[in-house]
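Right after this note come the structures.
What follows is chain A paired twice: with chain B in the first complex and chain C in the second.
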Partner chain A sequence: MFLRMVKGALFRQKGKMLMIAFTIALGASLATAMLNVMLDVGDKVNQELKTYGANITVMPKGASLLDDLYGIEEGSGVSDQYLRESELGNIKTIFWAFNIVDFTPYLNTKARLNSRNDEVELVGTWFSHYLNLPTGESLNTGMINMKSWWDVSGEWLTDQDENFVMVGSLVAGRNNIQVGDSITIDIGGQTKELTVKGIFDAGGDEDEQIYAPLRVAQEFTARPGLISRIEVSALTTPDNELSRRAAQNIKSLSIKEYEIWYCTAYVSSICYQIEEAVTDSVAKAVRQVAESEGAILEKTQLLMLLITILSLVGSALGISNLVTASVMERSREIGLLKAIGAHDGAISGLVLVEILVTAVVGGISGYFAGLGFAQIIGRSVFGAVIDIKPMVIPIVAVLVSLVTLAGSVPSIRLLLKLRPAEVLHGR
Partner chain B sequence: MDLLELRDISKFYGNVKALQNIDLTVKQGEWLAIMGPSGSGKTTMMNIIGCMDKPSNGSVVLEGTDISKENAKNLTNIRRDKIGLIFQQFHLITYLTALENVMAAQYYHSMPDEKEALEALERVGLRDRARHLPSQLSGGEQQRVCIARALINYPMLILADEPTGNLDEMNEGIVLDIFKQLHRDGSTIVVVTHDPEVAEGTQRTVVLEHGRISRITQNENK
Partner chain C sequence: MYFRMITSSLIRRRSRMIVALLAVAIGATILSGLVTIYYDIPRQMGQEFRSYGANLILVPSGDDTVLGYDVAERVKTFIAKDDAVGIAPYRYGTIKVNEQPLMAAGTDINEVKRTSPYWFITGQWPEADKEALIGQEVADLIRLSPGSRFTATGTDGGGNSFSRDFVVSGIVQTGGTEEAFIFMSLSDYGDMMGNSGGIDVVECSISASQTALDDIVSQISENIENVTPRLVKRVTESEGSVLSKLQALVYLVTVVVLLLTMICVATTMMAVVTERRKEIGLKKALGAANKSIVMEFLGEGLLLGAFGGLLGVALGFMFAQTVSMNVFSRPISFQSFLIPATLIISVAITGLACLIPVRNATDVDPAIVLRGE
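Entry: the complex of A and B
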């Protein structure tokens, strides 16, 4: 009979119950969407920030020292230290290999342009390089991925473009170079005639440089298989106290701390692992980017957290209001049940079961609707799929049940206090 | 034997004196009408008899036991076991069928028994409407369902507060016939009414005025 009464209440008052279920679904979907987005936003923002370039540079040990001490850069002829191109693939074998999004090697040399005394820097690099990894996997990496924001007129080079170069906008402007022009490059007396395939505006020091495929630069400068620098773009966990201590001095960490640090994608631990993988190298975080990334991430997450909390509170209020209202309007029915001999426990049980069934229906459909909303938000804000976090399920479940209980229990208690005599005679 | 005895009952709502010093006894098997102008305390008295409310003063003795000092839980039990209530506004549960409304009373009393519930509906002539929702029944039919529900647990006392107040003459006739039948079968019935015709069928009429009994008439013919 209990079941029959619950069924009657649910199915023969479909409109009303659907309305409640719908509100609960709305609240639950909002909660689900916001929680999923909030939990995933860190990765998304990180990915977004990755498009703004590298966050780690790898240099030869000696060059790095000179750079630190005197601010002398590699390729200036002062340092003759190089990294090996053949070791590049090792970067993708470190513990945090999956966090390495892209990397590109550079070989920088001073050169003279068009036999004038104007010194420029010729940079050899990978544009879009297909790389077979020691692990047996393969990878496509290079400049085009990492410098996607460069404004290129003409075209990007490919790694097969032996007789072409890309010229930085400042160099091009000064020397009145157009796309399609021929230029002469002079390195230590050797000259080479090259065609300009593209002119780029990078908005940085690169605009003073000329880019060629790595192999071309290596042959030209007689440094086969050598590179002077690697830029790495990696997904990192924002720095905290532990990672800052590690960055200063790894020896100050206890074994346990070391393990935690090594197994967290801090930029410092990724740098450390790169150094392990590439002989005689020093990997350093490009400070400004890494730090502002962490800060932006924290701010975005805080913002999302606030919005999430607000939307949770909002949906909680909405649900509990409607539930309260729907319980309150049953005063006559409850009075009648009392009049025909139902005790308080039996009545509360009946009403609660009905509400909870409604809440479960609403909560489940709301959860799935929320996943949909999360994807819509992901699409429109990040242009990416939001990963579904299973931990949202218990959170939403607890939330919905708490809110419906909070909305119904006080009102049921209030109704039970009413004497049937009062409600039944319609005063 | 006296089934019910009200001893010096008073009921106050703040300074409204709804009932004052009521003394009344109802015998087993008696059919009693309570009449009186609006606001004279009829419903208040029914609530007190029906264990829905407690008197401010005085005692209610049902089957020799004083129930006026019982707590709400015990009153619910007494109401459930001994009293059948019929209301002017029927008060059926809207989302349950006629049959289920009757069975709900069984459920809270002891055990739902569909066969018995159908028989109760049969007695009020609604067996064929058992699966209908209250909204699909006319007022008179709803009131008959309400009566079937009141009777289902064989109460020793049936209380009806203006049972025909919302019914037309024809339905009033049907309901009265049911009451007559119940009376013949030996039920004790107290009915509040404004309708002299209803009162005429009863054995005794108590008239309330301003919370006091102003007159009691014995209907000779019964």
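Entry: the complex of A and C
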């Protein structure tokens, strides 16, 4: 009997119930979309911030930035320190391997251009390198991914271009070099004729350098398999008190703190793990990038959180409002039920079950619509799929049922207080 | 008479009308709040992006090897006051500490704090005279810690040798070349090296869009002789791309939220009005013209929309302000066009949401409506 009454109510008032279900679906889809986007926005923005380039540099132990300043010739072979190219793949085997987005090795040497006296820096590097990892996986990495802001006229080099170079805009401007020209490079007496494939404007120190494929530079300088620096771009968690303490002195951490630190993607713990994986290396966080990333990431997440809360509150109020309105509308029917002897409990049960059935239908369709909205946002803003987080389902379910109950219970209680005669009379 | 009918109908049916008003107010709050945030995001986030440091540097051009001492002041005239986050001039030179050659940099410490907020200082920034900030590499090389003293020797611009004592106020870590420098105030540097030279480079951190920056660059190179302004591409280009993504995100979120909220408001209004089919039927039976019934409901709707809209403008701004203070610790700027915009939209939506059910009710024969079919 109860079932039949509920079914009757649902189908007789099809239009009205559909409208309630529709509104609940809208609210639920809003909640689903916003929660999914909010939970994923950190990862997505983090990816975007990778356009700022490397946030970790790895150098040989003992090598120092100071060398550059005094112009100590690297060719002199006195204090030269190098890393091994064969160990590069190890970077992708550390605990946080999945957070390493890109890495690029560099080999810097001083060279003379077109037999002039002033020196320029020749840099050997990977442009887009296909690498087989010790784990059996493979990966494509190199400088093209990491220097998105470079403005290249001509073309990027590939790693197979043995007789080509890319020249920085300042060097090119000073020496009147155009794309397609051939230049002579002289390193310690050895000369080589190379063709300029591209001229780049990096808006930084790189404009004073000449870039060649790593293998070319290694053969040229007789340093096979050696590199002088690695730039690593990694997804990191913003620093906190623990990571700052670890960066100062790892020994000050207790074993438990050490484990937390090691197993969190702080820039300092990734640096530490890289040092473990590459012999005789020092990995340093580029604070300009690492610090700012953290700040921007936190702000964006907080912003999205607050917007999400606003829209959740908004949709909650919207739903409960409509439920209240539609329950109150039924005063006459409830009056009639009471007049023919229905108990308060039976009436409340009837109305509640009706509303809840509608809410379930609306909530489920809303959830899937919300996933659609989230994907639209992800696609058009980040060009990537938003991860669907299962934890959103219980949140939305709890939200929808709480909100419908909150909307219906007070109005049902209000209706139960009415006297049937008055209601039926139409007052 | 018309006005009395509307107001009394609103007041008599208080509880329903509060429900409707609440719905409109929520919609308007979300509208004005989100749009305010959307408009302010580029400015607020732009400020945050300044933590990446200088985005414009000035270097000498032509035959000059240094810039004039007044260059920082002259550049300021081309940058709006609020946009200039920091403008730090640098002078570089070689000094010796314990017979080790090191690079010294004289700069305006207060400006550096603003242009390079990412510097990690162990100890403190220099405050008094004869205090210096040393890079991590320098500290490792000559084994200095905050509070310890060192003597800088060398020859100044005139060829005379000097010897000055400094106190290490702090050690700076950046992960970049700054770690190999000793930083001190311009006056200490001038006292040591003499003032015959000039500024080597000026770093500017400007909170402005790409086009505004290009504008500043062309103005500087036209109006100040012997200066080449260069944009730090890594910072400017990346900022542009990330910022536009963020704005697109907030834009889409705003559109989706607004769309859904407005539909929510409309359905609630529809529910409230549909309930009154009987009343419409009665009015028709008493001889009211369809037009006057529609006008009456429209009037109610508009009044509700206007009240709800006003409430929403105020609440929305409060919300946007709370968000801005929490996220960016800065007040948000009020967009005055939002008052009419929110009012018009909420009035339009309530009006529209009223019209549909009223139309349905007036189209039907009053006898049928009154019988409740």
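Operating definition for what follows: the second predicted complex is superposed on the first by the 411 of 427 C-alpha atoms of A that agree within 3 Å, B and C clash if a C-alpha of one lies under 4 Å from a C-alpha of the other, contacts with A are read in each partner's own complex, and residues count from 1 in each chain.
In this section, a residue touches a chain if its C-beta (ideal position, glycine included) is under 8 Å from a C-beta of that chain, and two chains touch if they have at least 3 such contacts.
No experiment lies behind these values; they were computed from the predicted model shown.
Trainee: Could you tell me whether chain B and chain C fit or clash when both sit on chain A in the superposition?
Mentor: After superposition on chain A, chain B vs chain C: fit, no clash.
Trainee: Have a look at where A:222 lands relative to chain B and chain C in the superposition and call it first, second, both or neither.
Mentor: A:222 sits against neither chain B nor chain C.
Trainee: Now for A:34: first (chain B), second (chain C), both, or neither, which partner does it touch?
Mentor: The second partner, chain C, only.
Trainee: After lining up the shared chain so the two structures overlap, which partner does A:299 touch, if you call chain B first and chain C second: first, second, both or neither?
Mentor: Second partner only, chain C.
Trainee: Should A:391 be classified as contacting the first partner (chain B), the second (chain C), both, or neither?
Mentor: In the superposed model, A:391 contacts neither chain B nor chain C.
Trainee: State whether A:263 touches chain B only (first), chain C only (second), both chains, or neither.
Mentor: Neither chain B nor chain C is touched by A:263.
Trainee: Which partner chains sit in contact with A:4 here, chain B, chain C, both or neither? Use first/second/both/neither.
Mentor: first
Trainee: Looking only at chain A, is it chain B or chain C that touches more of its residues?
Mentor: After superposing on chain A, more of chain A is contacted by C.
Trainee: With both structures superposed on the shared chain, find the angle between the C-alpha centres of chain B and chain C as seen from the C-alpha centre of chain A, to the nearest 10 degrees.
Mentor: Once the structures are overlaid on A, chain A sees chain B and chain C at 80 degrees.
Trainee: Going by the contact rule set out at the top, does A:402 touch chain B (first), chain C (second), both, or neither?
Mentor: Neither chain B nor chain C is touched by A:402.
Trainee: In Å, how small is the closest CA gap from chain B to chain C once the two complexes are overlaid?
Mentor: Minimum over all C-alpha pairs: 5 Å.
Trainee: Would you please give the residues of chain A that touch chain B in one complex and also touch chain C in the other complex?
Mentor: Of chain A, residues 426 contact chain B in one complex and chain C in the other.
Trainee: Please output the residues of chain A touching chain B within their complex, sorted ascending.
Mentor: 1-2, 4-5, 8-9, 12-13, 332-333, 335-343, 346, 419-421, 424-426
Trainee: Which chain C residues qualify as touching chain A in the complex?
Mentor: 15-16, 19-20, 22-23, 26-27, 29-30, 33-34, 37, 41, 45, 48-49, 51-53, 101-103, 116-120, 122, 137, 141, 173-177, 179-180, 230-238, 241-242, 245-246, 248-250, 252-253, 256-257, 260-261, 263-265, 267-268, 270-272, 274-275, 278, 319, 322-323, 326-328
Trainee: Under the stated contact criterion, what part of chain B meets chain A in this complex?
Mentor: 43, 47, 50, 52-53, 73, 76-77, 79-81, 85, 87-89, 91, 93-97, 100, 103-109, 112, 133, 149, 161
Trainee: Which bits of chain A are touching chain C when the two form their complex?
Mentor: So the residues of chain A in touch with chain C come to 16, 19, 22-23, 26-27, 29-30, 33-34, 37, 41, 45, 48-49, 51-53, 57, 64-66, 68-70, 148-151, 201-204, 248, 284-292, 295-296, 299-300, 302-304, 306-307, 310-311, 314-315, 317-319, 321-322, 324-326, 328-329, 373, 376-377, 380-382, 414, 426.
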